[in-house]
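Here the chain labels run A, B, C and D in written order, and each chain numbers its own residues starting at 1.
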Amino acid sequence: MPSLGSEMESGTLVEWKIKPGDVVRRGDIVAAVETEKGIIDIESFEAGTIERLAVEPGMRVAVDTPLAWFVGAVAEAATAAVATAPVAAPAAPAPAPAVPRAAAGGGAPRRRISPAARAHAAQLGVDLDAVQGSGPAGTVTLQDVEAHARAGARVAAPAAPAPAAPSAAGRSAAMRQVIAAAMSRSKREIPHYYLQAALDFTPARDWLEAYNAARPVPERLLPAVLLIKAVARAAAEQPGFNGYYAEGRFQPSTAVHAGVAIAVRGGGLVAPAITEADRLTLAALMQALTGLVGRVRTGRMRSSEFGSATITVNSLGEEGIDLLYPIIQPPQVAIVGFGSVLERAWVVDGRVVPRAVLNVTLAADHRVTDGRDGARFLARVLRHLAAPAEL
Amino acid sequence: MAAGVGDAALRMRVLELLTSVAPDIDTQALRPELEFREQFDFDSMDVFNFAAALHAEFGVDIPERDYRQLLGLDKCLDYLRRRLPAASGP
Amino acid sequence: MSAAAAGAARLSYREALREGIRAALQADPRVFLMGEDIGRYGGCYAVTKGLLAEFGEQRIRDTPLSESAFVGAGIGAALGGLRPVVEIMTVNFSLLALDQIVNNAATLCHMSGGQCPVPLVIRMATGAGRQVAAQHSHSLEGWYAHIPGLRIVAPATIDDARWMLGAALACPDPVLIFEHVGLLNTEGEMRADGADLDHAAIRRPGRDLSLITYGGSLPKCLEAATRLAGEGVEPEVIDLRTLRPLDDALIFESVRRTHRALIVDEGWRSGGISAEIGLRIAEQAFYELDAPIARVCTAEVPIPYPKHLEDAALPGVEGIVEAARGLVARGG
Amino acid sequence: MSAAPAAPTTREHALELLGAMLRIRAFEDRCAQLYTEQKIRGFLHLYNGEEAIAVGVLGALGPADAIVATYREHGHALARGVPMGPLMAEMYGKRTGCSGGRGGSMHVFDVGRRLYGGNAIVGGGLPIAVGLALAEQYAARPGLAACFFGEGAVAEGEFHESLNLAALWKLPVLFVCENNRYAMGTALERSEAVTDIHAKAAAYGIRAAAVDGMDVLAVEAAARAEVAAIRDGAGPGFLECRTYRLRAHSMFDAQLYRDKAEVEAWRQRGPLIRFTTSCKATGLISEEDFQRLERAASEEVEAAVRFAEASEWEPVADLARHVYAERAP
């Protein structure tokens, strides 16, 4: 079966013009074959006597298939067939990609940082010099910047000689932008009113010490847990302090998700939420808090934790602050601030005695509640803290 | 690390635990005689985690009132040496 | 430029072209011109005025309106050992000779295993801006720059108009010279005493962005650069001079310094030379970029006849300035 | 080739003409077989039946004359003296091919012998021939340019532009139209309002003659006459050689456009049968002469096939070579 075109792979024998025993000369038409282009006469390039026909009319055979045999050509034909087997087409010349070798730029080679990485670093306030490039040839990629940002204050590697201060500033710059935006919106939109009350924290502290003394280190509680639970219970009990102010009206939330202000190492503050804080046991609340702080520190915050707080608690207990006037986190409508537990003079039964005194401040949205409501809410918080066992 | 740890090994192990709690500290620049809080952020949650890590590592129980003795490297090592069985040498 | 050059000859782009042709004719007897109305009429754009009287019918040959035939004849004459300079009146009519240019001029050397280099020069007017409407206003340099085997050059200055022809005639390969109609009447001093066909040129050093252009768009880019300098933005204006081969080295070196690229091309953007230059920058200078690669090209429309529409369609100084501002803008 | 008069020829000349035509026929038939064995790929247009034109016209040209042909140019190449080995190697695409393996069957180049290619664009070669003739005239050289094309080309604008330019500038061009009656699958009467091809030259004031393309002596005589006129500065000449191609347009062609009886009729009037019969009749040559020449041609073809088979492919690394010239022409 002759190949008549590079795209021809097979042909169908239509008719023989010869029969066994015929003498064939070079150039004689011996058969007709059907191809896509129509019927084409097949000439013989050899001379000789036909011994036998190998293919019947109507049969479709691949190119190079022997159609007939000459007398005495059997053996030779076999080898000839092999000889005429199509030579493997030479590999199409693969054009060598002529990647133009541009001259190397002069001066110290600039660090390879992808545009996306640059843009993201600017947005997050990440100092690119501190970011380790994981891409080819140390290229800094988007992922590198994100990982660096999530690692919060984490300097790339403890061994890194980079002085702590400047990278810290770099790290919190973007967070500063986020906080600045929220706080200024809060101040602009939310008419805050503030109430403050002092509390004898001694019974709660004593209860906590006894509780912790009876348990191994991992099962012990931090004071913050009591504060969060007290606020959560109060928020559940009294309406007007738990929910969002949006589209011009207050939208109360049945569930209490307590936002906990956590300082990010090296600067910055986030207030992710502990969901249904009013329903958790103290031990569960402690576990939730530990997990939250851990995730903030390693930058693996879950997005759900960020936006869902319905009220926020901010404790500056360790900073030696008497009391604070916190700013509400929009779109929430209240925030409770706790100062430090300090030894103060306290009057008991007409006598002045030393007591562990804790100052509690409420900041609330005057569009939603008034001072009286605030006072009642604050009183609930103090009542809960005075009875830690029931928390 | 089993009890009866050499002094240098104890120091290195404590520093590793400290770094796991507060990864951004520079252990080379750490001044052992000073409190941690004067050198980097180290809040009550960090103390809680540090105490829990020491408890898990050395199997020693640390009452809350002793937490104050964990707040600096030298203080912490002295506290641990007193609470651990006598070391068998450096 | 040094004071010494102050006294350099001052002439128009058209006169510079004519000087180049006259010098070529005088320097080599094998050089002759062929084209429509280049002789008795003096050239559609008067570039060849006076040459017939000076060099005679044998070397200044008016041709019938047979672009395919006389471009093919140019190829044949080049194969026959001559150095023809064929003038196709405008790039718009070169479409009638595309087969000869692409299938013969660009291909014969490679296809013949190196036996048939084609030392032919073809000059064409190009570009829009004179209200001659769609069929007479094409900028197709980018098409021809697509074809391996051709060399494409675009003289934009008086020096290049004067000296590029000589360099083209010395080249063993077919060279297409595109002379933008908008440049013919520009004037300036001739300072150079030669030209190469392989390198781009920095016409205005700068630092904030690389303004990459060629041919008729160069004056617009220089004017835009002056305005931008007034706003504290210092563009580096690059005159490509050659569109095939492109001077990659100079382009990337510039972008590595400025980190921003703005390409101004009178061709249409789709599949145009601006697209090729932009992708090469993305391939080779990706990590140097601080802003997306930008382009200012002709609107994707057939060039309209009325002036206000033509101006709106073509790249303009205002559009270039606007695009440059967009590139260097902070934040937002 | 001396410009001998067209009188009945000598034995020696007869053997020369017959040998030349047999070499072409043997080469073309072997190409057909090699194509069916996939040794030759792409398009293959064979010259069977038209051998008399190449042999007749090329015989009338001098070494300094330039030639531009079409994709059916094996006969012209052989008649011009391109050695069979490099020509066959070019069919294979080997680097030893006359075009370095780059062109294949349709693009045979041999600048040493002033053969400026097969050209695969119908009519594409005419302007180039005009240019080559312009160079001869411009440099006051005695050479001329011979341009071969099929009757299909007369429908292309380039045909009319080229004839006009040649006539206008009185250029030394010999236009040779090989009118084989079919432009691929379109018979002449179905594509041209006026089918008398040589009459078209009169529109440009060019001397023209029609000649029986099957009669090698007639073609040779006509060609010699035109070449002499052109050398005398009489301007371009036009020969319409009426012929017939005995094989398909190309290999993959069912020839639906013509019937077999017509092909057979022309086969009997083919150039080889025609010339051999008349030479034997006049006793100029013998059957033994014919057999000897045929055997010699066949052996030369087999040697060429072996040369091509043994040749190497061009290394891929050389792909970009010659896109631009490596030496000044």
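The definition used in the following text is that a contact is a pair of C-beta atoms (placed from the backbone, for glycine too) under 8 Å apart; a residue touches a chain by one contact, two chains touch by 3 or more.
In this text, all values refer to a predicted model and were calculated from it rather than measured experimentally.
Trainee: Look at the interfaces A-C and A-D and say which one is made up of more C-beta pairs in contact.
Mentor: A-D
Trainee: Which chain wins if you rank chains by how close their C-alpha centre is to the centre of all protein C-alpha atoms?
Mentor: So the chain nearest the centre of the shown protein is C.
Trainee: Distance-wise, how many Å sit between the C-alpha centres of subunit A and subunit C, to the nearest whole number?
Mentor: 50
Trainee: Just how far, in Å, is the C-alpha centre of subunit D from the one of subunit A?
Mentor: Spacing between the chain centres: roughly 72 Å.
Trainee: Could you work out how far the Cα centre of subunit A sits from that of subunit B, in whole Å?
Mentor: Comparing mean C-alpha positions, subunit B is 34 Å from subunit A.
Trainee: Centroid from C-alpha atoms only, then distance subunit B to subunit C, rounded to Å. What do you get?
Mentor: Averaging C-alpha atoms per chain gives centres 76 Å apart.
Trainee: Find every residue in subunit C that makes contact with two or more other chains and list them.
Mentor: In subunit C, nothing touches at least two other chains.
Trainee: Please give all chain pairs that are in touch with each other.
Mentor: Chain-chain contacts present: A-B, A-C, A-D, C-D.
Trainee: Note which residues of subunit B are touching subunit A in the complex, please.
Mentor: 19, 22-27, 40-41, 43-45, 48-49, 51-52, 54-56, 61-64
Trainee: Quick one: in the complex, what on subunit C touches subunit A?
Mentor: Spelled out, the residues of subunit C in touch with subunit A are 248-249, 252-253, 256-257, 280, 283-290.
Trainee: Enumerate the contact residues on subunit A facing subunit B in the complex.
Mentor: Those in contact with subunit B are residues 153-155, 158, 164, 209, 212-213, 216-218, 220, 222-224, 263, 265-266, 289-290, 293, 297, 317-318.
Trainee: Taking the touch rule as given, give the residues of subunit D at its contact with subunit A in the complex, in rising order.
Mentor: For subunit D paired with subunit A, touching residues are 29, 32-33, 35-39, 41-42, 93, 248, 251-256, 260, 313-314, 316-317, 319-320.
Trainee: Under the definition above, what is the set of subunit A residues touching subunit D in their complex?
Mentor: 2-6, 8, 26-27, 35, 37-41, 43, 45, 63-64, 84, 86-87, 89-91, 93-96, 98
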